[in-house]
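Each of the next two complexes has subunit A plus one other chain: subunit B in the first, subunit C in the second.
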Partner chain A sequence: MGGLVQKVKLFGEYIPWFQAMRDKGAIAFDELGLPTPKTEAWKYTKLRDLNTDDLVIEPSNFLAEMRVAAEEACGCHHEDGGCGCHHHHGEGCCCGHHHEEGECHCHEEGHVCECQQKLHVPFEAYVIHFEKGKMIPPFPDFPRGVEVMNLMEAVLTEDAKEYLGKVVDIKLHPFAALNNAYMEEGIYLCVHKNVKVDKPIVLINHTKSGEENIFFNIRNLIVLEQGAEAEFVEWYNYTGAVKSRYFANVVNEIVLGKNAKLSHYKLQDEAFKANHIALSVVKQKSDSNYHNCCLQRGANIGRNEVKVLLNDENASAEVNAAYIMSGWATLDTTTDILHLSPRTYSSQLVKGVVGGEAKGVFQGKIHIAPDAVQTEGNQLHRALLLTDTAEIDVKPELEIFADDVKCSHGAASGELDENQLFYMQSRGIGREEAKQILIDAYLNEALDKVKNPEIRAWLSDYAHAPQE
Partner chain B sequence: MTTPLLEIEDLHARVADKEIIKGFNLTINEGEVHAIMGPNGAGKSTLSNVICGKPGYEITSGSIRFKGKDLTKMSAEDRAREGIFLCMQYPVEIPGVAVTTFLKHSINAVRKYHNLPELDTMEFVKMVREEGKKLGIDNEMIKRPVNVGFSGGEKKRLETLQMNILKPSFAILDEADSGLDVDALKVVAEGMNALRDGKRSMLIITHYQRLLEYVVPDFVHVYADGHIVKSGDKTLAAEIEKDGYAEYTRER
Partner chain C sequence: MNSQKPEIIDESGDKYKYGFVTDIAADSAPKGLNEDIIRFISQKKGEPDWLLEFRLKAYEFWKTMKEPTWAKLNYDKIDYQDLSYYSAPKQKVAPKSLDEVDPELLQTYEKLGIPLKEQEVLAGVVAVDAVFDSVSVATTYRQKLAEQGIIFCSISEAVKEHPDLVKQYLGSVVPYTDNFFACLNSAVFTDGSFVYIPKGVRCPMELSTYFRINAKNTGQFERTLIVADDESYVSYLEGCTAPQRDENQLHAAIVEIVVNKNAEVKYSTVQNWYPGDKDGKGGVYNFVTKRAACRGENSKVSWTQVETGSAVTWKYPSCVLQGDNSSGEFYSVAITNNHQQADTGTKMIHIGKNTSSKIISKGISAGFSNQTYRGLVRVAPKADNARNYSQCDSLLIGSHCGSHTVPYVENRNKTAKLEHEATTSKISDEQLFYCQQRGIGEEEAVSLIVNGFCKEVMQHLPMEFAIEAAKLINISLEGSFG
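Up next is the complex of A and B:
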């Protein structure tokens, strides 16, 4: 049996409050169904290429581990190999190469998996590894006041109970409903009151060639208590020569307490045939700040949706994004910023470069509630079209129900400027090089918003159209 | 007799359907400074764009040879790499690209063409600082995006800096004096004079005589209706300043 709705045994079915959320998710998805071209929120991103029929959800790692623990028959678990890959002997190696049985060198001392060599995080960070949607232990050691566990552990301890499923409204988001139904993998991150995390926390999801038709769901719950500060980075990476087709469905629920500050960065670098749909919903208390920047460069259909609820006074959010693609991809950036209290602030800068026959989509909404006076919301989307067949669809929406607010939005798209190109050529810079310089400069305007210079440099290195 | 640096023979060129250059002839030898003066709308900028290979201009007949090579077959970047520099009337703004990044790409592209190794960062920074200092360009200015928010004077200084770094064998100065106050004009003129070493050549395209008081040309040509109507030495510039262009434009 395949498809988006399938019967799988997941961990924690006996926990009533938790299983109830899964059941509600399944029901909500059944009612909502997949978005169609008539669904306003999915007007421009056509899902006909999603091809879900043969997608398969892999068996639960948690249930497998319980079985293994029960049998005490683990021969394939390594403690200190540095590999982190989680495969059984005889299966395809995680480095993307297929080895004959016994030829896999991953577990030999000193051997570092190819996939991990490539995935060096070029800045000091706490790194959590996922592989095709499943967490790979161990966790790094976190300092005092930073609590990180896998989601199921946080469900068992009931740490996740207060907020899990309460930030996102599954009735509005069919893929979040689906995510609810399969909720199991993901992390729970809680930064305690006034604790400032010293290094970014990075979640890397590795997917490799040969991993075909997998459908996985990741659900993260991030809670910053009053005065807490953290940087959270998501990195969706694909390694391998063969173009895998898989579907990643990610939901982040984020809660920011009073005066908390979260910087949230993301690199979506999935395989070209893969699909990646992600939703982050952020609830903010007074004086908190949410700072977001996402770079999308991979996937067949890639959607990054950010919804921010500025619930209390003086909460502020900055949601920036960049995307670059060619081929036939559709990359969608959707934002929904809700100003629900007076003196709340938001700004958005989204920049895209579209080549080939690809399509860029930007839907940006700023909602200002009736009593949210003296609020400021700004939004700007600009896109560069490199070919005649590239397409851009933009839908800015302002819903303003209050007086005394400052709001702006702008959208522009264009081609590379001939005068700029000629100016550079007249200085000896080759036309193609000149184009590349202009494209880099174009995206860097959005990436420059990243506050951490090391993360900015890392994202900037990926701000080129990947080679197909 | 050695090959002339630039040889333009019976050049005709058009933009869209409009013929702008009509039978233009000019020969510039090594070390010579020529000035072309003409009324507005005579096609002065078209001439510099055609020599530098800007897209959108079509040469319908005639030839342009540079160091004996047929220029019309070369891309704009190769013409620059061969040693032609166009100091623009309206330098283009490039948001997001810092002056240093731009200069580095430029100098290394030219060096690569001549099979020279790329400059390392230290050498490059030192050179830009030294050349910049002479033109009153500080470190803050070279970190800014190319020409974005620059005053008219700053833009021309940056053009001059690029010229001094690339050390072209032939520089075209298209209305290099427009939008400059006297102080800035002197700085630019000094930069240009510094390049006059008896080997480099220049073509100064201007409407007014003003710049020619600081950078004194060897030859002056009056350009009207797409070709040269009169040639002379520097005294011709003074004549035009006194009598205007009426005499030349009334011709036909």
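Up next is the complex of A and C:
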């Protein structure tokens, strides 16, 4: 059995309000179907390469996770010298080989675990690990006022009930509907009133070679109460020599209370044959600020869609993105900023570098509702084409129903400036190196928007052209 | 003349076998659209078989098509079977000069401010091929043009007199399969203009057509074909005004332009059809397909439009830049007031090398109106060094109107340089205050600012048109401020 719609045993079927949401998702997806090139929101991102026929959803892992979490003190929770990625009883080491319990070589002294080489978070952070869409407990210790749970835990305790499924409109987003139908994995993050989280919270999803044809759904619910502040980082990572094919479908629901501030960063670095489709929907109350920056560099079809609802006065959002790619990839950055109240502000800067036979897509929309006066919305997209076969499709859209507004958008695309290359070459910098310098500088303009300098440095390390 | 005969005789001499009797006075076809109506139109116009075949093919295809819904337009569903597809004004003999034209007709023109007679007196500046409903009633200055080999006549005449040219170019830029409205037009088009500029000729005057929609409930399906041969130049004006009507009238026109090597065509439009009343009742539905093909090297085409009328506008004058070094330009001012809706823009398709295009679009929405700029810039993989600059500015007057910008940019060539900019704003209080402080009334100040906002486009209109258009802008915005 395969495909996007399949029967799979998931946890929580006996919770009526929750199961009803899953059922609604399944019905909505059935009605919407997969987007076609005629679907305006998916006009440029062709899904014919999605090849969903042989995809398999793995059965529920929740109870196992709970058990492991309970056995927190188990021997394989490594102290110093351990890789920190928490291998468990009976599970394979990240190096891909299966070992007897406790024999995992990567924890021998002097040995650096593969996943440590790749997945070292180079800044102080609370790290939550996922593997191919399944959470790997335990959670790090969070300070007071920060509540982090497995999504299903939050469903059981009904903490998630207030917002789960209420931020995203599944009638508009087929993949979110699909995500609803398989809702189980993901985290619930709640930052209590006036609490400022001292370190970034990082969610790493790690997929390894050999994990073929897996289809996984991650659903995160992030609630910042009034005056709360946090930084949330998503990192979708892949390691392995063989390029796996899998499909990650991610939905984030984010609720920002009055005066709350969330910085949300994302690095999408999936396998080149994998597909990654993500949607973040943000609901903002007055005076709140949402700051987003996403770097996409992997996946065959990669789509990062951010939808921000500026519901109350003086809410502001900044949505930036960068993408760099080659090969056959299609990377899609879609934004939809809805100014629904007066005096709301948004700005967007998206920069991309497209090489190989790849295709870059940007669809940005600023919507200003009637009476949402004295709002400001700005948007700029710029892209570089490196090869003759690269393609860039852009649709920046303004939808304005109020007169006292300031809105602008701009879009430009072109190739590297010959004069700049010549300038550097004449000063002894090789052509290829000069190109690299220009590309780095080009993307860094968007990444410079990242407020945390450590995260900025980490992201810009990844903003190099992938080796072909 | 056909209109003298109460019934249509088919080739076998029998009474028209489908049996409807035409009312001589109105001379309209009965309501509805079917194969018989198309045969009727074709027969009525004495068309050759190939054209009838073309129409029928289009109709067959149209039946398989669905009306597009992607535009940001809201209008009552059009019942295509409730329209009359042919209507000719009452007349006894085909007029040979203006004197023979029905004085009532001339009066209507005069009321609308485009005195045909005066234009004749105004000595050879403009030649008018005036179209009243569907039949061309007067063509002026044709002889003068004919001396240079320029053909300027109605398309039905062209079908008879220059069948080879029409056959060669008709549907070559806008094939009948293109879109729903173009397909409908291909099946039922009744009249329009045909222009042919031979090699190396610079058309000495500006060619002009005024369209009118007159008879109630008549869809007007115009078809214009302009062919500019090598090294030629022509400037063509199209002006539109329609008398007030209560029911919505459908207008689905096609304009095709073929531009050969080193030739240049300038196409200017002022569209001032009935926009409906203050409550959005009535008004013209305007669904137009306009496209120019720059086939030769160094060819150039320029669209300039001032859109102030129509309840619903759906119009995207496009340029297909096939020839190397060809260039396309699009200048547009669109003004919507009350409950008007406009979804308009352009398409620039870069195919040849070193092609360039420029888009300047100015939109002004007032009252409860909604306006969308929808543009496409596409650069094909072989279009090296393509260059595009787009600028779309919108001005909002009042808090109930909407202004939207939907540009599509598709680049498949790395040497292409594409830029798009758009801004939206309102008339600033400072600007208004500045004018008022110097003794300029509010309404006047608004018109001053609006005219300044549009200037970049207006300067591309031919002189006489620019004046008329400036007046139109003021009239359109009357009562929208304060």
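FYI, the second predicted complex is superposed on the first by the 418 of 468 C-alpha atoms of A that agree within 3 Å, B and C clash if a C-alpha of one lies under 4 Å from a C-alpha of the other, contacts with A are read in each partner's own complex, and residues count from 1 in each chain.
In this section, a contact is a pair of C-beta atoms (placed from the backbone, for glycine too) under 8 Å apart; a residue touches a chain by one contact, two chains touch by 3 or more.
Everything quoted here is computed from the prediction, not taken from an experiment.
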For the overlay on subunit A, clash or fit between subunit B and subunit C? fit
Touching partner for A:423 - first (subunit B), second (subunit C), both, neither: first
Is A:39 touching anything from subunit B or subunit C once the two structures are fitted on A? First, second, both or neither. neither
Looking only at subunit A, is it subunit B or subunit C that touches more of its residues? C
One more residue to check, A:373. First (subunit B), second (subunit C), both or neither? second
In the overlay, answer first, second, both or neither for which of subunit B and subunit C A:433 touches. first
C-alpha centroid angle, subunit C to subunit B via subunit A, nearest 10°: 70
Between subunit B (first) and subunit C (second), which does A:414 come into contact with in this model arrangement: first, second, both, or neither? second
Would you check which partner chain A:460 touches, where first means subunit B only, second means subunit C only, and both and neither mean what they say? neither
Of the partners subunit B and subunit C, which touch A:444 in the superposed model: first, second, both, neither? first
When the two structures are overlaid on chain A, which partner does A:19 contact: first (subunit B), second (subunit C), both, or neither? neither
Once the structures are superposed on A, label A:389 by its partner contacts, choosing first (subunit B), second (subunit C), both or neither. second
Least Cα-Cα separation in the three-chain superposition, subunit B to subunit C, whole Å, stands at 15
Quick check on the complex: what are the subunit A residues that touch subunit C? 40, 44, 370-371, 373, 383, 385-415
Of all residues in subunit C, which touch subunit A in the complex? 70, 381, 394, 396-426
Going by the contact rule at the top, pick out the subunit A residues touching subunit B in the complex. 417-420, 422-431, 433-434, 437-438, 440-442, 444-445
Name, in rising order, each residue of subunit B that touches subunit A in their complex. 52-56, 75-77, 79-81, 85-86, 88, 91-97, 101-102, 105-107, 109-110, 113, 145, 162, 166
